[in-house]
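There are structures below to look over.
The same chain A turns up in both complexes below, where it pairs with chain B and then with chain C.
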Partner chain A sequence: MKAIALTDNPPKRLFSTAFKDKCVHAVFFINGMLVVLLLGGIFLLLIQTSIPAFQEVSIVEFLTSTNWNPTSYVKASYGIIPMLVSTFMVTVGALAIAIPIGIGAAAYLSDVASPRVREILKPTIEMLAAVPSVVIGFLGIVFVGPLIAKFFNIYNGLNAINGSVLLAVMALPTIISISEDALSSVPYSYDQASLALGATKWQTVIRVKIPAALSGIIAACMLGMGRAIGETMTVLMATGCAPAMPEGFPFEAFLGSVRTLTSSIAIELGEVAYNTTHYYALFALGLVLFVITFVINLISDIILHNFEKVHR
Partner chain B sequence: MRNLVKLAIIGLAVLVAQTASAQEMLQIKGSDTLINLVQKLSEEYMKKYPSNYVAVTGGGSGTGVAALINQKCDIANASRLMKPKEIKMAKDNGVTANRIVIAMDGLSVIVNPENPITQLTKDEIGAIFRGDVKNWSEIGGPDMPINMYGRQSNSGTFVFFQDYVLKGDYSAKMNRMNGNAQIVEAVKSDKSAIGYVGVGYVKDATGLTVVSVASKRGGEYASPLNSADVKSGKYPIARPLNQYVAGIPEGAIRKFLEFELSPEGQRIVEEEGFFPIPSEYEEFNSQVGL
Partner chain C sequence: MKARQWQQLIGFGTLKICVAFVLLALIIIAWDIYSKGHSVITWEFLTAAPRNGMTEGGIYPAIVGTFYVTVLTAIISIPLGMGCAIYLNEYAKDTALTRIIRMAIRNLSGVPSIVYGLFGVVVFVQILAFDTSILSAGMTLGMMTLPWVITSSEEALKTVPQAYRDASLALGATKWQTIWTNVLPYAVPGMLTGTILGLARAAGETAPILFTGAAFFLPFVPKSLSDQFMALPYHLYIMSTQHHAIAKVRPLAYGTALVLIGLVFIINLVAFVIRYQLRKTKLE
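And now, the complex of A and B:
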């Protein structure tokens, strides 16, 4: 009855319902597009500010030289290979530590832990993501570093392994949380079928559930990897930051100081004179970093998307 | 209505407070070597003149100089001189940078106490940090690799040490640490280490050997901990610690600089482990009217 009464006198309203709908639609559309525009803007800015660097530095030198020393006494050189290798090493090291622990913890949470334990444990693990990176870096200097030095019997612990351990700690919450979601969303009928066939709980988790949730787990690991590559403060503090090309793979290199793309930008952007080749070259580093993380996020997104399709 | 009046009063109070602090707040930025000293100076200064506010931040000499050029601070702390390129950039921005020397620093070379080395020549230190000498045994020490700890390129100490001791490029293997305190910590825990820091950071530090330095082979070795040797110039890596201001300092800036150079300010300089300015730099400061 009331609904009819309302529609009886529409002319009294300033704007029609349809118009309001359109407005609200437009507002949300703008909000959504804003993020896309921001992303595109950042990308364009990076490209635009990087290009002048290549008027003085050849792209071949930039991509192949193993020497980065823009403030050299003799001749400035701009080679990103040592930093790419360093970033790669620290990230691979972090994943080598974080993936087994992360998947193990996720399997425990989804299949072994009692509901009460899970309710306490999962938020706690997610809280780990809230620890500021500078605090983790500090722990790297005063705690992890000396421990590594003692364990490997070397002189100091500011090296790639230190960075890897810290980044693993930072990537764990992402990996555990998303992997656990993936494992929990495997239909319970899988468990029942497997157990009915006489499999043990262990066999069910390892041979049935993890393979079924694999795309979600892979996406979790990729997101953790994106986190590790982009991290700055922690590696800046804990890896020694010597710009030399890492040598003597794998052991010597991992026990030596490394300097990632992110820490180079953080160290040098503070003092660089504006609009110099060095300044533009740092933006080129940023562009390289952006492309790497973009590709990783894209791949993990595609995998995650496929995963969702499979389970619907 | 009453609420409106209240709101107006609060608004007015905030406005007044803001303008007051904007007038009196002195912004000082730059050198990591100078930050503890200038912080201490500013604390004592604010105790003496409670209506004056001074904010001191670090970031390295390069950061401070850049801020002065961009008119983002009143005083730039610099443990090195401004480069000709920076002076020109400042001029282009309408800033005439004037230098004032507020203290002397004996830049200290430190090693781990387990290392028997206690003295080195300036050339040997340069060769170590250039990467020409790689093992302690090459300069009379035990057979172990040399692990170098230096600053990052935004540091004035990094630039001064390069210009004055290395006269060449740093070895790419040198660890780039994020401040004096980190170098001290690293050298304490690494027995193959060598590092360089401002003398203010080693005065009370234990678990370190402060190396005595001679200007050349066969010369006399002097320690930066001996203030007479730093003042007389016998210690070869002594350097003035500077502040840069835009133009001839006036008002609050001038008041603070005068405090720093007063006997009281210079006493704080000594308490913090640095050395008071020698007479040659007193004359230098008088050129900007201080």
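And now, the complex of A and C:
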């Protein structure tokens, strides 16, 4: 009888448990939406802060001029091309080094290494991703730079090749870990079928596993590319950063100093007054950078998503 | 041996060389900095402020500055990041909106760090008028760390067996009671491990703090949230590129690099050990 009496007159509470539960749900929902707001906020803010720049600089000049000289006494010019070319150069250079090595290392980890070796190698390679970019840039100055200067017999080793080598090191962990995931998610029946037909393990890796995991590997390379394009401190420290159009492709250009989108922002934002045309133009560079990396990430995201769907 | 066996031998050899290249990069980084930096590290280097136009003395203000800004980053990114992970793993159904949130997280982690710096300059330095300060820099780094915290927290939540939730719900507990008593206690160690790794990365970042609060030189440690601060990565950048006597301060730069990389490596090692232990207890 007592128990029934209790349920008839529950202790009075300000809010019912169910109501509280709904509130908690709502709070978490808002929290979840926050990341969408943040991404949208970054994008809108870059657009909004870039727009004033185009009241003084024509969009056509911005996108086609090969001259970036906002502090000229005669006529300030805002051309993004030299920086786009520089960014493109160091990124291509980095990928040329990082893609073959990265895929090779990923194939070794997923198909050749014993579980024990893999267990040790994977965290070791992740360690490489943890090295701060400013430390890698520092090594570009004190280690890679002098090496390049000696090898090519030039005075200064701070150039596009240096940047490419360093960015390759930074892109490698991304490329390796995602490619390795892709290779490991290829069903074991593929291996078995290939081996049963008399193929060697090597032939299986090259002709069966890598083609089967190709879209995942491509996505991995694109993510590595996004990382290389967006990297600031290493290129800022190691590429010399002369604000001129790279000339004399390919050798002279790669042995010359380049200045990427990221390093231009990093160099000049510290020197401009807030809310000047130059300041707005730097945000326009940021917007271009954001759009490029966003598109690359989005495409690799879609590729990876489809890849996972196929192999689930 | 047959031709195809030779082929396999050479092929696997090539793959091993690829791995060797990656390890070589790591060894060069660690060895070069250790061999040239360890003689600089003395008690004085770690506990004194820079002197004589930063050509002598230590890096104490930079260590403290990095510590403060990282704590602030943690205060901002941990609650928001873990909350978002809880929403995604415990509450969200597979709707279009959920997919958009997930896409946003993956894209946020690909946004270049310098773009977060631009965001911080406008939002925290100017609109919210925090000026260039620890507060602005910490919030900027907090935003940047958010996607990392969310991803690693969600991984940890996924490892909690569904049966734990079902049992609690079947006994009449509400969703939140279930999460609080039966999911979080098992997930928190894993969540924190991933978060610590994210914070270590944030502590080593330079681009986002370049314009939001890091100072070239301050002889003292910051006293309030609105002070500027010295930071280890920014100090290394200054010492290796912007200083007026670069050759003279090179040893100090090596010392700074060693402290920075040492911190990051130690944090990573600790996180790996914790993770290993966690996995072992799970298996048992």
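Rule of thumb we're sticking to: the second predicted complex is superposed on the first by the 291 of 312 C-alpha atoms of A that agree within 3 Å, B and C clash if a C-alpha of one lies under 4 Å from a C-alpha of the other, contacts with A are read in each partner's own complex, and residues count from 1 in each chain.
One rule holds in what follows: contacts are C-beta pairs under 8 Å (C-beta built on N, C-alpha and C of every residue); 3 or more make two chains touch, one makes a residue touch a chain.
Here the structure is a predicted model, which is why all the values come from computation and not from measurement.
Participant: Overlay done on chain A, so just call it for chain B and chain C: clash or fit.
Facilitator: clash
Participant: Please indicate which partner A:257 is in contact with in the superposed arrangement: first for chain B, second for chain C, both, or neither.
Facilitator: After superposing on A, A:257 lies in contact with chain B but is clear of chain C.
Participant: Go through the superposed model and pick first if A:270 touches only chain B, second if only chain C, both, or neither.
Facilitator: So A:270 meets both chain B and chain C here.
Participant: So, A:112: does it touch chain B (first), chain C (second), both, or neither?
Facilitator: The second partner, chain C, only.
Participant: Once the shared chain is lined up, is A:295 touching chain B (first), chain C (second), both, or neither of them?
Facilitator: So A:295 meets neither chain B nor chain C here.
Participant: With the two complexes superposed on chain A, say which partner A:132 touches: chain B (first), chain C (second), both, or neither.
Facilitator: Once the two structures are laid over each other on A, A:132 reaches chain C alone.
Participant: Applying the touch criterion given at the start, work out whether A:169 contacts chain B, chain C, both or neither, answering first, second, both or neither.
Facilitator: The answer is second: A:169 touches chain C but not chain B.
Participant: Would you mind checking which one, chain B or chain C, touches more residues on chain A?
Facilitator: C
Participant: Figure out whether A:32 sits in contact with chain B (first) or chain C (second), or with both, or with neither.
Facilitator: After superposing on A, A:32 lies in contact with chain C but is clear of chain B.
Participant: Could you say whether A:59 touches chain B, chain C, both of them, or neither, answering first, second, both or neither?
Facilitator: Neither chain B nor chain C is touched by A:59.
Participant: Contact-wise, after the overlay, does A:141 reach chain B, chain C, both or neither (first, second, both, neither)?
Facilitator: both
Participant: Would you mind checking which of 55-63, 217-225 or 235-243 on chain B runs into chain C after superposing?
Facilitator: Clashes with chain C appear only in stretch 55-63.
Participant: Can you list the residues of chain A that meet both chain B and chain C?
Facilitator: Looking at chain A, the two contact sets intersect at 141-142, 236-237, 270.
Participant: How about chain A: which of its residues touch chain C in the complex?
Facilitator: 17-18, 20-21, 24-25, 27-29, 31-36, 38-42, 45-46, 49, 100-105, 107-109, 112, 121, 123-128, 130-139, 141-143, 169, 172, 176, 200-203, 205-206, 223, 226-227, 229-233, 236-237, 262, 265-266, 269-270, 274, 282-283, 286, 289-290, 293-294, 296-298, 301
Participant: Which part of chain C faces chain A closely enough to touch in the complex?
Facilitator: It is residues 4-5, 7-8, 11-12, 14-19, 21-23, 25-26, 28-29, 32-33, 80, 83-84, 86-88, 90-92, 100-101, 103-108, 110-119, 121-123, 126, 143, 146-147, 150, 174-177, 197, 200-201, 204-207, 210-211, 233-234, 236-237, 240-241, 250, 253-254, 257, 260-261, 264-265, 268, 272 of chain C that touch chain A.
Participant: In their complex, what parts of chain B are in touch with chain A?
Facilitator: The contact residues of chain B facing chain A are 59-60, 62-63, 66, 85-86, 89, 144-145, 147, 152-154, 162, 166-169, 171-178, 182, 185-186, 189-193.
Participant: Tell me, which parts of chain A touch chain B in their complex?
Facilitator: Residues in contact with chain B: 67, 69, 71-74, 82, 141-142, 145-146, 149, 155-156, 158, 236-237, 240-245, 257, 259, 267-268, 270-271, 273.
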